[in-house]
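Both complexes shown next keep chain A, but they swap its partner, so chain B is in the first and chain C is in the second.
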Partner chain A sequence: MRRTVFLASLLVMGLGGIVAEPRSFVTSAQEKAASTAEVKIDNFVFGPAAIIVPVGATVTWINRDDIPHTVVSTEKVFKSKVLDTDEKFSYTFTKAGEYPYFCSIHPKMTGKVVVQ
Partner chain B sequence: MNPFDVKTALLARHAQHVVLIHFPLALFIAGVVFDFLAEKTRKRGLREAAYYNLLGAAIFALPAVITGILAWQFQLEGQKLKGILLMHLVLGSTSAMLIWVAWALHVRARRQLPEGLPVFRLVLETAAVAIIGFTGHLGGFLSGVNGPS
Partner chain C sequence: MASNTKDEILHDHNHDGIDRRGFLKCMAWAGTGALCVIKGGVLKSYSMSRPSEMNPADMKGELSFVQISDSHMGFNKPANPDVAATLEAAVDKINALSRPPEFLLHTGDISHLSKPEEFDTVEQILKRASAKDVFYVPGEHDVLNDDGKQYHERFAKGAQEGGWYSFEKKGVHFVGLVNVMNLKAGGLGTLGHEQLEWLEKDVKPLKSSTPIVVFAHIPLWAVYPEWGWGTEDSAEALGYLKKFGSVTVLNGHIHQIMQKVEGNVTFHTACSTAFPQPKPGEAPSPGPMKVPAEQLRSVLGITDVNYVSGQHALAVVDSTLA
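Coming up: the complex of A and B.
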């Protein structure tokens, strides 16, 4: 009897572990997704134009357009070099706040990163 | 942005080169057309028209080049260019040189005799129009006229 209870306990713990494991995996994946974000530059548009990320998140801009663009913070917090097609620029936001930015070649192109 | 606000228009980021570049382009192409017509018809009036259009192109090429270089220095902080931007810079500089050379040939001929105009200038002017056209195409591409309004 004692042996059966012991085996049943092991089985329950094992099942619990199997169920719990995917949950912890999903949580870490979500955390990773939240700490990185990507903004695509295409057809003279930053997409998405505004993103919300947590403090410490790294945002990567990737130029999918045929022509060069830049990513320049309006408040001079960050500034990329000229990004040709498929080139990337990343910046890690360590302080909460709003960070508007634009393309210095095409000032009509604007976007915003909100760090919470 | 109010387009009728002078201060806004003058201080608008990167706008000056894009605005000014149309003057030497149009004047030079018009000057070359008049020069070809003058060569064909031998009319003095057409030769004069060619001269003054080329003079205007030569004058307006200077601020166009200066504002282009300033845009590179201020907007891109003079960073090393590559790709379309580099091609635009090289072809733009070449275009300006060709405009000034074509105008100089007309000035020299004007100081001597109209017959002093060398025929090879027409080849040079044709090549200049082609290079200017391609430079303008790249410039339009860079400025985003093909993008969403």
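Coming up: the complex of A and C.
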């Protein structure tokens, strides 16, 4: 799922301006896929560390570690409660932009959501 | 995992002979705690798992206390499904010491998820310890969701607003620092300007011969910054302690024993009473390490510390729960 979104985004960015026809096809596929993008927390890493989603997409983080983590926007746009094992946090991005975030318990863990 | 090396570091501030290289010595990291004895500018550290190696003369002193750490009450994953039982075992170990400690230091991660019942359980279990006073500093697991409000109400009454404090016991000056608040993306533990300013003022009037014990959750030295095992502004804190002949820094957070001697400062990290973590860089992440059930108690522990007035030596003794 994540790869699909990522590839779709790349296609839109890289090819969209050049090839007219696939563009509309890719865009609709992207919108469908990106509406539920997921980031897994595993081994103290956000995966994927950077994702690209369209405006309106909801990103869900799920903690697959034995240790609790948080998802906190560096610019204080969103902030999860502490997520224990298998707990989830979702946020819907309504504005385009870059949203860097980190785990406030283990601040070496960082990630980024790019909303286009 | 435990090696046969003697769990002892001897640092002589007055003679040039022993251990002045400022190296990081990763000790036999299995342990439940450490005994510290302050004696004549020399800090000695023993593993409580090997009491036969303790020299009885070093165990005598005016003051002895025990450090426990990282009880993570509420953790229930395979690395240790019963962290209450291992904390109970730590209390048994404390109560079996030939010389009862005067108080306990808990260097944080009391709870796993900052839940009231987790804090309750730890307080209940520790009530059974021979030492009644417990001095706490918070770990990052104790200040989740509420910016530490609950922790402060329970464990930091009488402390400064940020939770840090100091006290005197038999001529030794103890400083409890908080380095788990307001962590920044990509960063390490942080003390912050306000706390550093307070520390500078707190130690200023003290004589340079006063033994200093600093305790905080995250190590105040760069154990392994890649895993966040260090504190951004610890150098500034240690700068205020340069004039003192004997400084001992006790930390938790990394769930294993490490010790480093640098000039007048001896750094020591204690074992967890809950679960072990891997050695720096030896696993993909610092997550809980699963060991065979029969080995678990050999990698958990407590730390016993003993101070002998006039001799300026602090002995730190770690012991496992096995």
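By our rule, the second predicted complex is superposed on the first by the 85 of 116 C-alpha atoms of A that agree within 3 Å, B and C clash if a C-alpha of one lies under 4 Å from a C-alpha of the other, contacts with A are read in each partner's own complex, and residues count from 1 in each chain.
Methods note: a residue touches a chain if its C-beta (ideal position, glycine included) is under 8 Å from a C-beta of that chain, and two chains touch if they have at least 3 such contacts.
Since the model is a prediction, treat every value here as computed from it, not as a measurement.
Chemist: With chain A superposed, do chain B and chain C clash or fit?
Modeler: Aligned on chain A, chain C clashes with chain B.
Chemist: Look at A:S90 in the shared chain and tell me whether it touches chain B only, chain C only, both, or neither; answer first, second, both or neither.
Modeler: Once the two structures are laid over each other on A, A:S90 reaches no partner at all.
Chemist: Does chain C touch more residues of chain A than chain B does, or is it the other way round?
Modeler: C
Chemist: In the superposed arrangement, does A:P68 touch chain B (first), chain C (second), both or neither?
Modeler: both
Chemist: Just to be sure I read the superposition right, which of the two partners does A:T60 touch: chain B = first, chain C = second, or both, or neither?
Modeler: neither
Chemist: Under the stated touch criterion, which partner chain does A:S35 make contact with: chain B (first), chain C (second), both, or neither?
Modeler: A:S35: touches no partner chain.
Chemist: A:V45 contacts which: chain B (first), chain C (second), both, neither?
Modeler: both
Chemist: If you stack the two complexes on chain A, which partner ends up touching A:I105: first (chain B), second (chain C), both, or neither?
Modeler: In the superposed model, A:I105 contacts both chain B and chain C.
Chemist: Touch test for A:K81: chain B only (first), chain C only (second), both, or neither?
Modeler: both
Chemist: Residue by residue on chain A, keep only those touching chain B in one complex and chain C in the other, then list them.
Modeler: Correct list for chain A: 43-45, 67-68, 70, 81-82, 84, 104-108.
Chemist: Give the list of chain C residues in touch with chain A in this complex.
Modeler: Chain C reaches chain A through residues 77-79, 112-114, 140-141, 144-145, 183-188, 226-228, 284-288.
Chemist: How about chain A: which of its residues touch chain C in the complex?
Modeler: 43-45, 65-68, 70, 74, 81-82, 84-85, 100-102, 104-108, 110
Chemist: Under the touch definition given earlier, write down the residues of chain B that touch chain A in their complex.
Modeler: 13-14, 75-76, 79, 81-85, 141-144, 147-148
Chemist: Which residues of chain A touch chain B once you look at their complex with the stated criterion?
Modeler: Residue positions touching the partner: 43-45, 67-68, 70, 81-82, 84, 104-109.
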